[in-house]
Amino acid sequence: MSFDPAPSFDIDVVLARGQLEFPVRVAGGGGITALVGPSGQGKTSTLDAVAGLLRPLSGHIAVGGTVLFDAARGIDLPPERRAAGYVFQDLRLFPHLSVADNLLFGWRQAAPERRTLALDEVAGFLDIAPLLARRPHTLSGGEAQRVAIGRALLSGPRFLLMDEPLTALDPARREGVIALIARIRDAFALPVLLVSHQQDEVARLADAVVEI
Amino acid sequence: MSFDPAPSFDIDVVLARGQLEFPVRVAGGGGITALVGPSGQGKTSTLDAVAGLLRPLSGHIAVGGTVLFDAARGIDLPPERRAAGYVFQDLRLFPHLSVADNLLFGWRQAAPERRTLALDEVAGFLDIAPLLARRPHTLSGGEAQRVAIGRALLSGPRFLLMDEPLTALDPARREGVIALIARIRDAFALPVLLVSHQQDEVARLADAVVEI
Amino acid sequence: MLLSAQEWGVVALSAKVSGVAILGVLPLAFALAFALARGRFRGRVLLDALVHLPLVLPPVVIGWMLLVAFAPAGPIGAWLWRLFGVTLLFRWTGAALAAAIMALPLMVRAIRLSLEAVDPRLEQAARTLGAGPWATFWRVTLPLCAPGIVAGAVLGFARSLGEFGATITFVSNIPGETQTLPLAIYAALQVPGSDATVLRLAGVAVLLSVLALVASELLARRQGGKGAHVL
Amino acid sequence: MLLSAQEWGVVALSAKVSGVAILGVLPLAFALAFALARGRFRGRVLLDALVHLPLVLPPVVIGWMLLVAFAPAGPIGAWLWRLFGVTLLFRWTGAALAAAIMALPLMVRAIRLSLEAVDPRLEQAARTLGAGPWATFWRVTLPLCAPGIVAGAVLGFARSLGEFGATITFVSNIPGETQTLPLAIYAALQVPGSDATVLRLAGVAVLLSVLALVASELLARRQGGKGAHVL
Amino acid sequence: TAPAAENPAGRGPLVLAAASLQESMNAAADRWAALGHPRPVLSFAASSALARQIEAHAPADLFVSADEDWMDDVARAGLVAPRTRARLVTNALVIVAPAGSTLRLYPAPGFALMQALAGGKLAMGDPAAVPAGRYGKAALERLGVWNQVQGQVARAENVRAALALVAHGAAPLGVVYATDARAEPGVKVVGVFPAGSHAPITYPVARLTSSTHPDAEKFRRFLLSAEGKAIFRRFGFVAH
């Protein structure tokens, strides 16, 4: 595995969800940073904050040297300018679009030079090529999860946020996706923030582990 | 672990989903039967058929000696008379009800003699007691999954259908829930059909493994 | 806003007629919405068209049809009279019937829209939890389409408040019995120089509808608002 | 169904007036629905009440208000005449305006209901995928509330077809220019013994609305039907 | 400056006329067209609606009202062209019953209208709104029976709606114009109010100041001519 020497994720914020307020600090070394911790501790909230969907009460967020949020300096990039490839815990496929249109949703928005991957390639790797014409509600759990991963990868992201992206996959497919993520990280030097409860997964993939 | 000598799940059906038709055969020995297999192979469809949500093209389904479906004999119990405790892969919590009302939804429908568990007990074991007044959309992934498990357990089921019920749980909580499931199986002699991609989970829990 | 005693009577009658009309027709509206949203029977489009009829035809025609049907010698009127000794002609109950019929299509559409948005997977979940079709309906389907029911009721109430053509044609304009606000406004409009009366009565009508709107907003807020999305 | 050439003209005019009214007012209806569903500004209830106004007041009053506003000396009419040299008085465009205003509340409600059912999490997902607020609106929000837009358009079209009171008060009853189906029906109703004409014209109105209904059903089916639930 | 009425070639003057004149005005327009003129464009609605349109400066040529009050209102607004207002026709007030009735009433002071109703409704135009209702109420007051029957009155939107109530058996008796009774085969006249029991029922016509159509005045004069009045008499109006 190749390491990126620059700190990939530099997060130091206070988040609020409902009545709850909690501080989050992540300093990823580069490559894949695993975010682990008990359920309900704020992992998804952290990813939301990095993606620009949850505004922190204070602090700053930088990824690969780019400041996305800084309360003190009044910086708060809107989500669409952060270019996160976010695989949501609850997937959030677009019900009104076919699988192919879901996959290409971000790709079509992206600047041409960021379209580093092609639909066929991703669909092949994720084994979802036969599903392209289907609507999301006809997919099995694991199929939907792979489509969500493919959609994030195809959007030309500058970094990946993956919230338990492999839970619904069988061991063989999980291997394939893990290999794909590792390959993409290396080929495009993409920082990845990965939430996972699977210790083996974390041990095999992560370059750094952050406990929340 | 104590074994039930009667075959718990006796499933021999042909299912149809979309264009697809596939045969499914499960003969569980008793206790917990694990259903494993690649994504999109029909595990969820099988559970739907046992719960009465997907009508097989042909064949029969019996659980613990009770025939739920038999195409030849024209038997097809409606879902509410099958008393399945179904933990859905997509959870399906009721968005208009509080967590407490979600948990008690089946309990309130159940005959008093089937109310073998109490809300406090289940909420305590699943560590969701502080969430009872909340609405489902404010829950984290793991919290929602535990509520879904609790709702199924509280409905006074005659058997459990669990579709990857532990994916969003941290290791500690997963241990707790596994212990709870084992305890319930033993205390009430409940047959359990468990879909899981986690080999360690399957190895530790399952009395029988069926490959699909 | 100062109203005469007689004008207060008109306002009270309007509120009564509209209220009774909407509450009375709500179950029918729901049943029709349900049939149109879920049913897969032949003649669905025909039923749909029938429900829209009161919108498409000028209200006076609807009033005229009601008159023909409910006249003492009419097909329904004769029957009502023989069996129950009641007639709707020239009665406030007839005004309520006219208002209900005119409001029906609006209510059906709103409820239907909400029903079609109910996720059938939640109904399945309720069934596996031991709820039969009826319990599932009461405990899941109905509460999930509450926004549509409230919207339909508000829309229907507003429409009832404004109902004129069918009412005056069917039950005529009898002070204290069938003279609702629009009929009083119409009467004022026919007299040269009574614009002030028209505006005063119109103001009261608007006030009544604002009250209904505010009530519906409060109801919707209590119902939980944004929580209606499936996790 | 045999219509005279003049009656065909009435039917064509009605279709034109209703079609133009609905297509023209649809963007406004959407904007209002959006503001009411999403906006958290002061005066929301007031705006809501204003939108409901055409329902609550008798149509004749709305027609009269339009007449006052769009008269050559009226606040809007004078301005229209000075700037563009047009007047809506006694013109089919005025009939379309009246129909649009009467249909507006129905359309706003239906669209609003659909908008409120759109899952904001999907809009968030679109944003993270690089879609700005506008792209998210066009590619996610708008298609997700298509059922409400179609329902609103159908409801509004039906209401426009039946519009009578505001129209005759605002633009009078001029054959070939403002005499839509309901006005022609009214004219026939005034002549004793012309029940057959009334029924024939009413039949045509119903037929027109059935066509609109069938078109909307086909549109809804193409749009994907049951697929609108979030996974 | 008010927009002038357009006069596209071949289009006649725009005449705003009370709805109860529909058949007779159409016949007059047909006759006028047969004489080689462009057929006038006729718009029928309630007199009140038409008067308000005129007062909003809608570009029209002639106004034929069902009562003098609304014509007065228009005149007060200065919208009637000088010396063009004239009485077009007059009408009589009658009592009608469903066609099969054998009743016969002689409206005179204290006549037995209440008994004739036998608990049913007396259909008439809304006295507060419709001219026919106003005349009817005045006549019944003059004959001293209004106080008895006023609780039984069904006030209809217009006189034709009152007629329909009787024709469909919803009301046993109605007070309508003689012209309406004549046109509806479902009713028969069972009594005629004496002319002195109410103010003369007149239909005024006038040219409007907004009129620009060259035929407008000519058509107005045609309506008031012997030939025009003959047409109105065919429909039961009184015209001298």
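In order of appearance the chains are A, B, C, D and E, and numbering begins at 1 in each one.
In this text, contacts are C-beta pairs under 8 Å (C-beta built on N, C-alpha and C of every residue); 3 or more make two chains touch, one makes a residue touch a chain.
The structure displayed is predicted, hence computed values, not measured ones.
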Partner chains that chain B and chain C have in common: none
Chains touching both chain B and chain E: C
Centroid-based (C-alpha) most distant chain relative to chain B: E
Most distant chain from chain A by Cα centroid: E
Top chain pair, ranked by how many C-beta pairs fall in contact: C-D
Separation of chain B from chain D, taking each centre as the mean of its C-alpha atoms, in whole Å: 50
Whole-Å gap between the CA centroids of chain A and chain E: 79
Whole-Å gap separating chain C and chain E, where each centre is the average of the chain's CA atoms: 35
Between chain A and chain B, centroid-to-centroid distance (C-alpha), Å: 30
Multi-partner residues of chain B (each touching 2 or more other chains): 90
Junction residues of chain D, two or more chains touched: 60, 64, 121, 186, 189, 226, 228-231
Per-residue multi-chain contacts in chain E, two or more chains: none
All touching chain pairs, where touch follows the definition stated at the start: A-B, A-D, B-C, C-D, C-E, D-E
For the chain D and chain A complex, residues of the former touching the latter: 121-122, 124-132, 135, 139-140, 143-144, 146, 223-224, 226-231
Of all residues in chain A, those that touch chain B in their complex: 18, 36-40, 44, 89-90, 134, 138, 140-143, 146, 163-164, 167-174, 197-199
Complex interface listing, chain B residues touching chain C: 51-53, 78-80, 82-84, 86, 88, 90-96, 105-106, 109-110, 135-137, 139, 144, 151-152, 155-156
Interface residues, chain E side, partner chain C - complex: 46, 48, 51, 69-70, 72-73, 121, 123, 126, 128-130, 153-157, 161, 164-165, 168-170
Contacting residues of chain D [partner chain C, same complex]: 45, 48-49, 52-61, 64, 105-106, 109-110, 112-114, 116-117, 119-121, 147-148, 151, 154-155, 158-159, 161-162, 164-165, 181-182, 185-186, 189, 198, 202, 205-206, 208-210, 213-214, 217, 226, 228-230
